[in-house]
Amino acid sequence: MTIEGAAMKMIGVIGAGSCNHEIYELAREVGAGIAKAGAILVCGGLGGVMEGACRGAFEAGGQTIGILPGPDKGEANPYVAIPVVTDLGHARNVLIVRSSDILVAISGGYGTLSEISIALKLGKPVIGLRTWPHMEGIHYVTTPKEAIESLRVAKA
Amino acid sequence: MTIEGAAMKMIGVIGAGSCNHEIYELAREVGAGIAKAGAILVCGGLGGVMEGACRGAFEAGGQTIGILPGPDKGEANPYVAIPVVTDLGHARNVLIVRSSDILVAISGGYGTLSEISIALKLGKPVIGLRTWPHMEGIHYVTTPKEAIESLRVAKA
Amino acid sequence: MTIEGAAMKMIGVIGAGSCNHEIYELAREVGAGIAKAGAILVCGGLGGVMEGACRGAFEAGGQTIGILPGPDKGEANPYVAIPVVTDLGHARNVLIVRSSDILVAISGGYGTLSEISIALKLGKPVIGLRTWPHMEGIHYVTTPKEAIESLRVAKA
Amino acid sequence: MTIEGAAMKMIGVIGAGSCNHEIYELAREVGAGIAKAGAILVCGGLGGVMEGACRGAFEAGGQTIGILPGPDKGEANPYVAIPVVTDLGHARNVLIVRSSDILVAISGGYGTLSEISIALKLGKPVIGLRTWPHMEGIHYVTTPKEAIESLRVAKA
């Protein structure tokens, strides 16, 4: 037994708390791919892209961590296995980035942009799917499958 | 399948980052008991009591979350399965408390006292084993076994 | 002109968000003394002891900083000149301690105890007036006048 | 005397911790303008744009607040009158935004972009001078003078 094996690779999925069905399904596929790759999914734990990703990972038997902005775990989507309750508001975005080895940004608004910015500032790999365009440092992909393939080659 | 089953009960173990062998072994027994009770162990992820508890839970096949104060996961003890990296320093103590349904305080110094205080402020059950004495609100026990039994009856 | 003169000594006053008239008046006297000593008052910016201290400092022409737990400055008491808005909840307690060169604890509950604990952990001088008793490391005084005199001799 | 007068308008200046002389001088002019307008300058308290802005405000007799990322006030630039010590790392960016009624972004990298994003997410007015281009929601100006004029009309 190697003790180092206790910690698994953690992949962050970032995106808005509400989204249309198409984006939700993309996130679900990404979440499923992360679980099948044997990694842990980290996200903000709320709805929209976060729920889609958690649902996909949960359905594929994976582990899901939700780093929540509010004061209790009641706001977590139902597919979050491990709610981390911060009560830090938007400051919890930094924790999602720091806790992830690699990040996948799916669509998203200003909150997601703040997370992308912190990730790039910290030199973390960011894979982008239908997200903020033209940002140097984001590795853009066009499908969930491509996003998962990119995870395997990214240097975390 | 009930979706609500995704989130398990989370038990926080708080105590100092360095401790003697006797306290370490008490923490290890508490960690093992938490894992055997089917709960997730939450702690600050560092050494001493935190490592003892993580080790006990890890060895018993349980899940361990370490909410770390520094900027990267390298400081986690080797029994932390899921490192949550905060870079918040002592402010991360509040996250340990908020993320726990019940807390077990084992020995500990001023950092632990700050966590006990926040827990009592928030109305969370606190079980105390060889920790700060004479605090109204702490349910004191004298053995790890008693601590685990108290978990079962505490209203989280 | 010496550039180093830009930063003045900062004195934290910690205590509960609601208190009786007697404690409020003690806090007011302490606040006034801090202002007259030429120092800046730092506190959590809410009511009770925090308001009493801000009011005393404000009335004596001093500067008052309120490090607020919520998402906007509307919750600041009316004597806070500079509201620092954190939206960090109880985690903002650590910022009050870190931003203070010396702390004065007046009465107070578990929130105050968490601040005292962090202050002692960080090795900051803590002056105690009618607060948590019997804590090694607190310099206990019995009047606001004595508290202000203690400020002058404390090694910050 | 109106009690409400205790709190003055607070203007945030955001930008990189190192910058060239030209950008530093722009920041200095903006800082001076903020002080002359009777507002308090809020920033991250470090070097570069933050120092330029603090210096300008300080030289014009204004008040300067530095919300610092590290564990002590030693990292503040010499023109910070009131150091708020957070030890929160990049999470302190959110506090700068929340504590500001209006923000002025000057040049800047990914850290600044994270602050712009949070500001726009929260609906705070953002005035941009030589900063991230083409962002809907930023009011772009080309000179410090124009930036100061924009402060007067922005709805905070």
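For clarity, chains are labelled A, B, C and D in written order, and residue numbers in each chain start from 1.
Just so we're on the same page, contacts are C-beta pairs under 8 Å (C-beta built on N, C-alpha and C of every residue); 3 or more make two chains touch, one makes a residue touch a chain.
It should be emphasised that the depicted structure is a prediction, and the values quoted were computed from it without experimental measurement.
Considering every other chain in turn, the ones in contact with both chain A and chain D prove to be B, C. Relative to the C-alpha centre of chain C, the farthest chain centre belongs to A.
Between chain B and chain D, two chains of identical sequence, the interface residue sets overlap for the most part, with shared numbers making up over half of the total. Chain centres here are Cα averages; for chain C and chain D they lie 26 Å apart.
Centre-to-centre, using mean CA coordinates, chain A is 40 Å away from chain C. Among the residues of chain C, those in touch with two or more other chains are 71, 87-91, 94-95. Because contacts link each chain to all the remaining chains, their graph is best described as complete.
On chain B, the positions that touch chain D within their shared complex are 71, 87-91. Those residues of chain D that touch chain C in the shared complex are 3-4, 6-8, 10, 40, 58, 63-65, 67, 71-73, 76, 78-88, 94-95, 98-99.
Taken in their complex, chain A has these residues touching chain D: 88-91, 93-95, 109-111, 113-114, 117-118, 120-122.
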